[in-house]
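The following pair of complexes shares a single chain, chain A, combined with chain B in the former and chain C in the latter.
Showing the complex of A and B:
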């Protein structure tokens, strides 16, 4: 039975310094975030809330790999992610960018 | 005679109100100008840092520092723009910030396979263009809100 919702606070649960795209780029890459946190929690809960604030900042390569990769690699449907994923940040340009990667898997 | 004194009193109150409102507007204008100048400085600094980052080889010691400065700089820029938005929603330039971040950090940013680019590379132009668009947008918003007469704003 799936939990109703899980919260991922990137700074607390992953790193204050997320960096890089692939695992070979560092310990806190987008790929690692996707595989170890986002995918796992989406398989455990109906809704996953990702709190993005509190880190030292994000590179688009990290965001694309972490969130765009959910569609490109993990084969989630964008519509399903819109339904089950909640992104929270004071930076509305950041959440808009992430949804762009989810909706358009060709951008890299 | 008493009628005249009421008229004088009325004019004094109106004049005083106009002065107070004008002072408040001037001080808000100065505060916003300062925030915009700060945003422009950060944007220009970010563009320079980003140019340097992309033209350097991954083996150079300062490359991770430059990458961290770029990410932190964007976060600071967003805070300033959020402060501007609290003054006036039209300072919302989210789309420009998104394009600026993408021009600087999409693709091979912070990856092992990144190779240095030359000054003629399209990415350098994209970063410069995105920085220009962002600062230009802020200047235009400021000009339209604080450098036009009340009559212009009324007619807009």
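Showing the complex of A and C:
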């Protein structure tokens, strides 16, 4: 039976210094975040809350691989992620950028 | 003579003869044994002599070989150790004296990596070294000294100019050359003008944070939004190096340290500017673009920029325009656009990129220019310059 919700605090549960796209890029890459935390928790809970604040920042490669990869690699439907994934940050441009990666919209 | 007497004489004679024979036999045996021993000794001696001669011969042969090798080796070593003295120009600056600076850097590569001769950098005339050029110089020396650990290939003398000596010490140049630091350690009067160069071959976000801490200390706080944008630019630069800068399909003509990048910061207290510089020795953005994106797509971007005969600067400019969904590689993110985020956030300053034979500049007002350069830089230099006061609590000394 799935839990109602799980919280991932990136700085606490993953790293204060997320960087890189693939595992070979660095120790705290987007691929590793997706495979070890996000994908795992989405299989365990109905809703996953990702708290993004508290890290040194995010590069677009990390974000695209971590969140865009949920659709591209993990084969989630964007609509399902909109329903089950909650992104929290004081920087609204950051959450908007992540949703653009998930929705595969053009980014400028 | 009585019979008894005769018989005793006979037995005595027998006894004497017996003893004589016995002595003779003993003597013969001893002689034979001695002869045998002598022969054995002679044989052994001959053997030893033979062995000795042979070993002497072997020693001589080995000695001759060693001598011959040593002569050859000495000749080679001499060739290797005969240092080629390269005079560091009075000014090294990739923006005001580009050709001179890039040729000087190419000279180090040519002598140390192509001709495989040792280079002695002579700093007697050096008076001005711009931080970007300094980073390229350090990276070149780093490569030359690490490409073959047995033969460091680059060394230098201490600069005559005390300021240059101070800068070189503070950025870790003397440590890199494994020579004594001639000056006392710099005081912790933050922000520091120069800090040691960082280097790596993976995307390590912590290095971006360490750079900030080393340059600004604890008391000077960078605006969080600006800080995250700088982090974004630096980690994307590192990721780009790992993914694209050193493709196996393209040779740069000299030995490369795979995926290696260098990073340094600088505060110009007079201009009140923060500079962050990132360098790799890859083949350059203009060379990797055709590998990353299909030709027709590139042509569309270039046509959109009205660049029909693009130079390397134009190709960097085109690369800055490429966004994720415009490419067939739908997961490539914002690409080089991330480099502009820090400038946009600061609302001032400039981004300059030199890659191969191209120069690209971008300012906070959105203005961008591109230009061709005569000399190949031998890599990609990304330089952010922003007003420090506008993004931190620093208000000058």
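In this section, the second predicted complex is superposed on the first by the 104 of 108 C-alpha atoms of A that agree within 3 Å, B and C clash if a C-alpha of one lies under 4 Å from a C-alpha of the other, contacts with A are read in each partner's own complex, and residues count from 1 in each chain.
Quick note on the criterion: contacts are C-beta pairs under 8 Å (C-beta built on N, C-alpha and C of every residue); 3 or more make two chains touch, one makes a residue touch a chain.
What you see is a predicted model, and the numbers here were worked out from it, not measured in a lab.
Enquirer: Do chain B and chain C fit side by side on chain A after the overlay, or clash?
Expert: On the shared chain A, the partners clash.
Enquirer: Now for A:92: first (chain B), second (chain C), both, or neither, which partner does it touch?
Expert: In the superposition, A:92 touches chain B alone.
Enquirer: Name the contact category of A:104: first (chain B only), second (chain C only), both, or neither.
Expert: The answer is second: A:104 touches chain C but not chain B.
Enquirer: May I ask you to decide whether A:61 touches chain B, chain C, both, or neither, giving the answer as first, second, both or neither?
Expert: Both chain B and chain C are touched by A:61.
Enquirer: Examine A:9 and indicate which partner it touches, taking first as chain B and second as chain C; both and neither are also allowed.
Expert: After superposing on A, A:9 lies clear of both chain B and chain C.
Enquirer: So which one touches more of the residues on chain A, chain B or chain C?
Expert: C
Enquirer: Based on the superposed arrangement, let me know which partner A:28 touches: chain B (first), chain C (second), both, or neither?
Expert: second
Enquirer: Give one of first, second, both or neither to describe whether A:20 is in contact with chain B, with chain C, with both, or with none.
Expert: Both partners.
Enquirer: With both complexes overlaid on chain A, does A:69 touch chain B (first), chain C (second), both or neither?
Expert: So A:69 only meets chain C here.
Enquirer: Which chain A residues come up in both lists, the one for chain B and the one for chain C?
Expert: Comparing the two interfaces on chain A, one with chain B and one with chain C, the shared residues are 17, 19-21, 24-26, 56-62, 64, 91, 107-108.
Enquirer: Contact residues on chain B for chain A in the complex?
Expert: These residues of chain B touch chain A: 67-68, 70-75, 78, 82, 92, 94-95, 97-98, 101-102, 104-112.
Enquirer: Within the complex, which stretch of chain A touches chain B?
Expert: It is residues 17, 19-22, 24-26, 56-62, 64, 90-94, 96-97, 100, 107-108 of chain A that touch chain B.
Enquirer: Name, in rising order, each residue of chain A that touches chain C in their complex.
Expert: Residue list for chain A touching chain C: 15-21, 24-29, 56-65, 68-69, 72, 91, 101, 104-108.
Enquirer: In their shared complex, at which residues does chain C touch chain A?
Expert: Per the stated touch rule, the residues are 202-206, 208-209, 225, 227-232, 235-236, 238-239, 242-243, 323-326, 330-335, 337-338.
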